[in-house]
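Presented sequentially are two complexes of chain A, the first with chain B as partner and the second with chain C.
The block that comes next holds the complex of A and B.
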């Protein structure tokens, strides 16, 4: 129990303000950071996965193993508390139990928020995901089942209220117009995101043809599409 | 104020977003728009037919005369816009319903009585099926974690001060039995009263 409490620390207690402070040209060692000794315990990883999921316009890969670990942790803690309570704990133990319960509430909230963030994206881009196998591999099995049924009921409703009443050749729900716009909403990969480089990444090619050097600790506001590969490889983090 | 009925639907979506309220289903305008699409579509088909040469003749020109081209393009764009407006309106409502269900902690029985008169029959079916499929998804986690609980605010502490708005009676909590009397104030564990808060029996006092 003690390890977990020590490890989770205050790193996500300010979970809502996840914009970095504006410092365009950070110099070495001007502020302490954890770039070189990254935390690898499950809760820190969950914080990271949650941040990336919330900041990225795209659907990221589901962290199945990590979620499993966290669920296991919550379950074990709950059982332990159950046992301790039955055994008639002392005053001091009660206080400790309280702290552990609070920790569980917080980790639980984080996990719920992670799941809810994904669910929101899944629902918004259902039709796109269901027709793009590459994205489907990023989903858990339960998520896939969820959005398959969701697409069905969503379209059923639209068919009954709208397109089912239109002339036959106007009933499509997945038309692509001649100018390239599609009826199917897709994640906007050109959306601007804040990134912080965890290492020197070398120059990236900007849409206008120029190139930008991304240095370690550099903070940039940049189109997601430009840095997508760096994010997936974990060389920069979204913030 | 525009007299274009499709504009009215868009305006409704906008107001509904701004005020975060679900408006009654506007069946009258929806029917009008569907009829409009049918009328324009009939015109379109007719004008194209009149332009097409009789089938036994060899086509003299590959493109129809400019007048026909213009009319049909115009009709086509009108239809496309109306269809889009209809879909936007309905999709907006379904998204809104979804959000409302999540705010009601996935409890469709709790949500329905208040919004039922606002829904079209197919929206009613939608929200019921949606509750069902999210319940199935929730079952993946339910042993350890209830994903139906609110994620609006991270928990600040274990305890929460509540006031009883509607008489509840005795509730068994982890810490023992609490007798919630109307008007009373209690300091309880948030997890124990989450459901009562959502159902409006209790409210948080800061």
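The block that comes next holds the complex of A and C.
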């Protein structure tokens, strides 16, 4: 195990506001950051979900409730804009409409990117997911429908164009080679990820039996499997 | 559409900037007045000319670009603070000086859209560049410590992590494979080699 920093690492002390005072006091190392003042609004939650999905090798549970809530908000904001425009907007209203529209665009981008990230994983691991009920519970209904029909189309085409022309003993699509390699690809949970600890975490058990202390603000490159529970509990974030 | 494979490996710098704009707050000094506005990420305002107010960085950027406010740089984005950190970065070769996690993204936004709100922007820019170079040198040295288990890199910023990510994750994967392979006893290996040499030649 390697320790990049010799000392116990920098510590930024807590503060009251997450914004530093406007007059610069360059003497101190101590300024608060996002970890001292975590945002809980729905958009920040979506950012969190996006980051985890993007950085984790696994397929995470779909944030259906959150996505539904945000879609509802987007509808409401769109209606509000419609009303404001019909009523003949004042200059101040124009200003507000601009901001609201900008935010809707930003949130729309985040949602699309979040869903596209999941889709990439779903299509890469289709046949693994279809044969693993535990993973299927993490998918939305639309996603389940997607991978069912995707696998069907994919296999039909594979059999028609390639596999069907091979000798029968070579036609399996889910063969496992003697060395353990499988035709069905599945997420590599041992893959390394970057974590940033949101709080002091207890000692973490490493694969070789040693234990690792993870301190608040600690940044580690580490196997996803080792920290999976910490990620799911939200004690560390993926970076 | 599924996300393109190259984006799956690592987020783009532009995407990290998007996240920083969303998740960072900034003090602005409005040049106008406007009532309270309710956005999905929270309610802001009322805005009054010359009364500083805290908003998400993307709101500040939007207003700044319309000439409706000035941005007030965070406490760490100035010559004195950065000079101090550069000194610290050089005098403590074993650790990264503590910079805000998204310092690269936030300072880029400020220097891109509001250089007139940052005192001595050129000096700030060059200090940020110096800091980056000292930290990169440390990163390169630190690579020697990489093993298949874990690497502690406390103090790195999100953009720095992103730069290292594709290489380090692959490298650690390769080391894991090497570590898990059963070691071939040296004598056997030598014999095999010798035999094949005899056969072949």
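Just so we're on the same page, the second predicted complex is superposed on the first by the 206 of 239 C-alpha atoms of A that agree within 3 Å, B and C clash if a C-alpha of one lies under 4 Å from a C-alpha of the other, contacts with A are read in each partner's own complex, and residues count from 1 in each chain.
We take it that a residue touches a chain if its C-beta (ideal position, glycine included) is under 8 Å from a C-beta of that chain, and two chains touch if they have at least 3 such contacts.
The structure presented is a predicted model; accordingly, all values stated were derived computationally and were not measured.
Student: Should A:75 be classified as contacting the first partner (chain B), the second (chain C), both, or neither?
Tutor: first
Student: Applying the touch criterion given at the start, work out whether A:145 contacts chain B, chain C, both or neither, answering first, second, both or neither.
Tutor: Only chain B is touched by A:145; chain C is not.
Student: Taking the superposition on A as described, I'd like to know which of chain B and chain C A:161 touches: first, second, both or neither.
Tutor: Only chain B; A:161 stays clear of chain C.
Student: Looking only at chain A, is it chain B or chain C that touches more of its residues?
Tutor: So, of the two partners, C touches more residues of chain A.
Student: Thinking of the overlay built on chain A, is A:90 touched by chain B (first), by chain C (second), by both, or by neither?
Tutor: neither
Student: In the overlay, answer first, second, both or neither for which of chain B and chain C A:196 touches.
Tutor: Touch partner of A:196: chain C, not chain B.
Student: Figure out whether A:153 sits in contact with chain B (first) or chain C (second), or with both, or with neither.
Tutor: first
Student: Taking the superposition on A as described, I'd like to know which of chain B and chain C A:116 touches: first, second, both or neither.
Tutor: So A:116 meets both chain B and chain C here.
Student: Kindly classify A:212 by the partners it touches after superposition: chain B alone (first), chain C alone (second), both, or neither?
Tutor: second
Student: In the superposed arrangement, what residues of chain A touch both chain B and chain C?
Tutor: 74, 98, 102, 106, 109-110, 113, 116, 119, 123
Student: For chain B, which residues count as touching chain A in their complex?
Tutor: 30, 34, 37-38, 41, 79-80, 83, 86-87, 90-91, 94-95, 98, 102, 120-123, 125-126, 129-130, 133-134, 136-137, 140-141, 143-145, 147, 149, 151, 154-155, 157-158, 189-191
Student: Using the touch definition from the top, list the residues of chain A that touch chain C in their complex.
Tutor: Chain A residues touching chain C: 1-7, 9-12, 18-22, 24-27, 29, 31, 33-34, 39, 41-44, 47, 50-51, 54, 70, 73-74, 77, 92, 95-96, 98-100, 102-103, 106-107, 109-110, 113, 116-117, 119-120, 122-123, 188, 190-194, 196, 206-208, 212, 215, 217-223, 226, 239.
Student: With touch defined as at the start, can you tell me which chain A residues reach chain B in the complex?
Tutor: Listed in rising order, the residues are 15-16, 71, 74-75, 78, 98, 101-102, 105-106, 108-113, 115-116, 119, 123-124, 142-143, 145-146, 149-150, 153-154, 156-158, 160-163, 165-167, 170, 173, 177, 183.
Student: Going by the contact rule set out above, which residues of chain C touch chain A in the complex?
Tutor: 1-5, 8, 11, 15, 18-19, 22-27, 32, 34-35, 37, 39-42, 52, 54, 58-59, 62, 68, 72, 74-76, 78, 80-81, 83-84, 94-98, 100-101, 142, 145-147, 149-156, 158, 161, 165, 168-169, 172-173, 176
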